[in-house]
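Next come the structures, one after another.
Note that chain A is present in both complexes that follow, paired respectively with chain B and with chain C.
What follows is the complex of A and B.
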């Protein structure tokens, strides 16, 4: 028994050695800073240092729930993320399948690059691209499209009703390329004999996609969705702060937990309260991931993360 | 199974990665400068005796690090540091190392330095504000330091100004000896004014300004008549904000009343918003004013703007020339509300951080900077013969050396007001030789707010303040930029402030203010 175990470890030794650098990085970068969670429960005084600063219990968390905006920011954060969680994979899978159908190699490579491009652009640049489209007096939409149609220009940055759509479109445009590449890689890895077998059985192209490609993508979809659920209480700060140009009238639909914390603490510079918000977000995310994983493992055990 | 465990680890790590990134969200964006910076700050010739020496020869030789805002190049800052070190080596047994950080990133950089525990010995909190730093224990109380190593400074600064630098009864910074009051003005392009044949002196009310702006719009459709500065249409308004926020003294000009009130509920605010709303409808204010991410100087400089609301210093010297050199074109200002001095106007201070290697010596260096003309000149203007030359010895007037210009000098003299004491330094050519006398009489003649000297400690209402900051960012700039209909938006604004505890803030401020007034009787 012992010998068997030894043999097993010996066999995997190179793999364990290869893990060391990555694990060291994770421990230093992700586990050690976890001790900083205590900042969320303290009133930090730099003269006393983190450890000696007084404990104030949950006082730092209060501001997140006391405000009349608490509901709005939670609603915005969660509902935008839910929409992203559904739409991004839908678009990404569609594009990945289409990419796979392209036979010309050079065209395929070109499309891949173009699709990934928005993901690599800084959000600040994106915010100016959006501004170039939406600016009241110089923007492309007001100047070239609405004017040509004989319609009056819209003051985009003062009208909240358009922004749920604008945010979603921008987020999709920026984010789908990355997921497309992941799905595309999975599709490429599907054994071509499945397709041949299906073709011999007389499956049409559509049927092959529906009954071979999609089932093969299932575990990738579940993994990416589970990871997304873990971040459901976070929002892309740049997307919600920079893209609407921090415009006040839009805040009912653009204020999320992250931007709320940023705006509120800009003046007071209180790291205790900022950490409290971070702890709250991670705890909720962690709980959600565990729950979602539990549900997944009940339905299809093989696809659960753990 | 193994795969599962690794997957679990990876998931855990991803969550943590997001967690660890959260605590640094509170960086600060740049705010408008507390001053309209004039590159041509001025001074009377140095007459005071050099500061008395404190003996540090028994301590280890060290290097003191000084942080300053402004756009000097690191080469030139090094040259000045070396020249300064020659003096301090003798007097304080130390070297001095001055680092410059640009306005845009100063608050962020400073925040990082202070939080990381990096050595820093002397700096100005600038937009971060001494109050928050003091509450977080990031700067040292200076009463004892001043009594031992800063006697000259202690005597040189007026009691009134020390009041303004006190936080919970202790001094946390030495106030800069600069203009301590501000006018509220509309600053505009002189060439356009001349072209339209309008004189600034003919303006008496916002109605007059309105007519002028209409003319500007007609003559120059390519210009926005009123522009905003990074989203803000007004820098200050004629109230005493008592340390910031919506709880203010409504009429510090004419009344001695110390009643704290909600500014947003005032008639003044409502009328102003209505005026701005109608101006915006007429196209007199730049569209999307509250989301404008550019400063006024770049908009004026590129010919896209005509004028902007700003606070300015005294009328006679360095006042139009400052705006002129900032914007690269001749500017003139119409003062619509005369000068007032509130705590905020004096609250630009120099402090010793907790991370100083030797607070005693840092204090002594600050004492030297405040009282020694040679040191002050070095800090403000750089090295004689390299960055400036004296052209009028009697009056202490200086100018660039031959062959050097503003764009090639590399050491900025435009932040003279930000150094501890510009008044003992030379006067830049172009200003009147009596510039400092003028400044002093400006400071003395300005109206004083009845609450001048009061500083607000918001730590007991931090949750309410945080929530109200958010409400402000939703409405304040958008209303003053004329983007929202005041009839609809102000009632909503007030309701949200109420829901988020503005009344608690007002009550707390009133309580502190009353206690302050009681102790200052």
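What follows is the complex of A and C.
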């Protein structure tokens, strides 16, 4: 029996050995930091090290949730994500449907190439693009558009009221191409006999889109929304930190959990609050993924992620 | 009906052209600003057509300053080493996972899947890499944290292996006496060129565009990759803007990259991606569409 077992594993030994580098990396890069969540329950003192730093229970969390920051960063993170979750697929589906109506192959490919470009560029370069448009002294909008209209230049980087729109526009600009490609691939995969049957029944273009295309996209919409809900407590750090140039007056509308954690950890040296916010993000994020998946698996089992 | 069809197509083209312009015009603004003469730039601001053509920003960057050239070398080096290492780890992990006969493979698959659902966040990760593994100001900082292997790509590759490599092929090789390493190298990999090309593109792009590891772990100029350099140049302006002390502004202004040079560096950071991407578009699109289908 033991010998048989030995023989069985011996055969697979090379396969297990192959996985050692990857497993080691996962343990170091992913699992040890998971255990590091205890930092949030300690008063970290680097000289003592993490293990010997004293436990302070939920004090860090208490401080975090007593401050007004907790509300602001939660509100910002969730509300931007909700807007992205609705707007991006809406635009992407529309564009994918239009793209599908275009029969000229070269035009179709060119359009696809161009709308995906913003997605491939680093968010830092995007910050420069936004800066070129919005800089108060040399920016295009102040210098060329507002001046031509005879209006006074706006100091964009210190006026918070514009930024919810700017952030949404930038996120949409950067992200719609990616989703368009996904929806377009699904549309291309729809069996053309559905459309022919609909045409024979006298369906108009609008009806065909409404009754054939959209239902076929249902699965993809659910999957992407599910992934989005799982990420609703997370934000693109660069979009909220570097695109607004880390500008103080904008903080009320640009501070998210990720920027808060970064600033606490590396700028204001407030590790307690930063780690509490990080744990808050990890746990709620995790709960949201599980819940969203559970709900979907109840409604339409095939669309659940796991 | 036919007329209606034509009209709809026209409208589709018009909307698509408009969207494409929205995507491309900001880049034109950047490029045009980078080749505009400095004093014109300061006087009239950034514009879509250079009023006075001048390449001195690029000449300065390529001849008088070593930061960009060094940044490029670092970015290229990190991208190549990182991509090769990432793909090696990913392949070595994905192949055994794709073998239906591997004992305990579900546990191992869950071990990697779980990293996609839950993570410890920035604070513990930062403290581990910087205080315990002393990664600050090394090239390893640009390669190792978070970028070396992603559960997402492993599962993408495993799915490809499961779907495209018949068990019978592997079994036949085994009967011929081939070892697992040999099977992976000579049987599986040659059949997996599409997924390898796709992942090389996705992982390469990830390394090329990464700036956060540089932000967290690097503060010495000589380790700045292009993106980290770009980030730092943007931050200096912020510092200038928020600083209240006049003497400090005067001091910084002397070292501050001029208006045109900043745009030129941004162009250099974006250009390689934009130039290479259209030729490999197929693989990027494949990567995106496979990625959206659950593994």
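Methods note: the second predicted complex is superposed on the first by the 221 of 306 C-alpha atoms of A that agree within 3 Å, B and C clash if a C-alpha of one lies under 4 Å from a C-alpha of the other, contacts with A are read in each partner's own complex, and residues count from 1 in each chain.
Criterion: contacts are C-beta pairs under 8 Å (C-beta built on N, C-alpha and C of every residue); 3 or more make two chains touch, one makes a residue touch a chain.
Keep in mind that this is a model prediction, so the values were computed, not measured.
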Next item on the list: Count the residues of chain A touched by chain B and by chain C, then name the partner with the higher count.
Entry: C
Notebook entry, point to check: Of the two partner chains, chain B (first) and chain C (second), which one does A:125 touch, if any: first, second, both, or neither?
Noted result: second
Next item on the list: Check the residue A:14 against both partner chains and state whether it touches chain B (first), chain C (second), both, or neither.
Entry: second
Note to self: Contacts for A:182 in the overlay, against chain B (first) and chain C (second): which applies, first, second, both or neither?
What the structure shows: second
Next item on the list: Name the contact category of A:291: first (chain B only), second (chain C only), both, or neither.
Entry: neither
Item checked: Partner chain in contact with A:255 - chain B first, chain C second, else both or neither -> first
Next item on the list: Once the structures are superposed on A, label A:207 by its partner contacts, choosing first (chain B), second (chain C), both or neither.
Entry: neither
Margin query: With both complexes overlaid on chain A, does A:270 touch chain B (first), chain C (second), both or neither?
Written below: first
Check: Once the shared chain is lined up, is A:79 touching chain B (first), chain C (second), both, or neither of them?
Finding: neither
Next item on the list: Answer with first, second, both or neither: which of chain B and chain C does A:48 touch in the superposed model?
Entry: first
Check: Can you list the residues of chain A that touch chain B in one structure and chain C in the other?
Finding: 26, 29-31, 33-34, 36-37, 39, 44, 46, 135, 137, 157, 230, 237, 245-248, 258, 261-262, 265-266, 271, 274-275, 278-279, 281-282, 285-286, 289, 305-306
Margin query: Which stretch or stretches of chain C touch chain A in the complex?
Written below: 4, 8-9, 12-13, 15-16, 19-20, 22-24, 26-27, 29-30, 33, 41-42, 44-48, 88-90, 92-93, 95-97, 99, 102-103, 108, 111-113, 115, 117-128, 131, 144-146, 148-149, 154, 179-181, 184, 205, 208-212, 216, 227, 230-231, 234-235, 237-238, 241-242, 259, 262-263, 266, 269-270, 273-274, 277-278, 281, 284-285, 288-289, 292-294
Margin query: For the complex, give me every residue of chain A touching chain B.
Written below: 26, 29-31, 33-34, 36-37, 39, 44-48, 62-63, 66-69, 135-137, 155, 157-158, 226-227, 230-231, 234, 237, 244-249, 251-252, 255, 258, 260-271, 273-275, 277-279, 281-282, 285-286, 289, 305-306
Check: For chain A, which residues count as touching chain C in their complex?
Finding: 8-9, 12, 14-16, 18-19, 21-23, 25-26, 28-37, 39-40, 44, 46, 50, 95, 98-99, 101-103, 107, 109-118, 120-125, 127-129, 131-133, 135, 137-140, 142-144, 157, 173, 177-178, 181-182, 185, 205, 220, 223-224, 230, 237-238, 242, 245-248, 258, 261-262, 265-266, 271, 274-275, 278-279, 281-282, 285-286, 289-290, 305-306
Notebook entry, point to check: So in the complex, which bits of chain B are touching chain A?
Noted result: 4-5, 7-9, 11, 13-26, 28-29, 111, 114-115, 128-129, 132, 136-138, 231, 244, 287-288, 290-291, 293, 354, 458, 462-467, 469-471, 473-478, 483-484, 496, 499-501
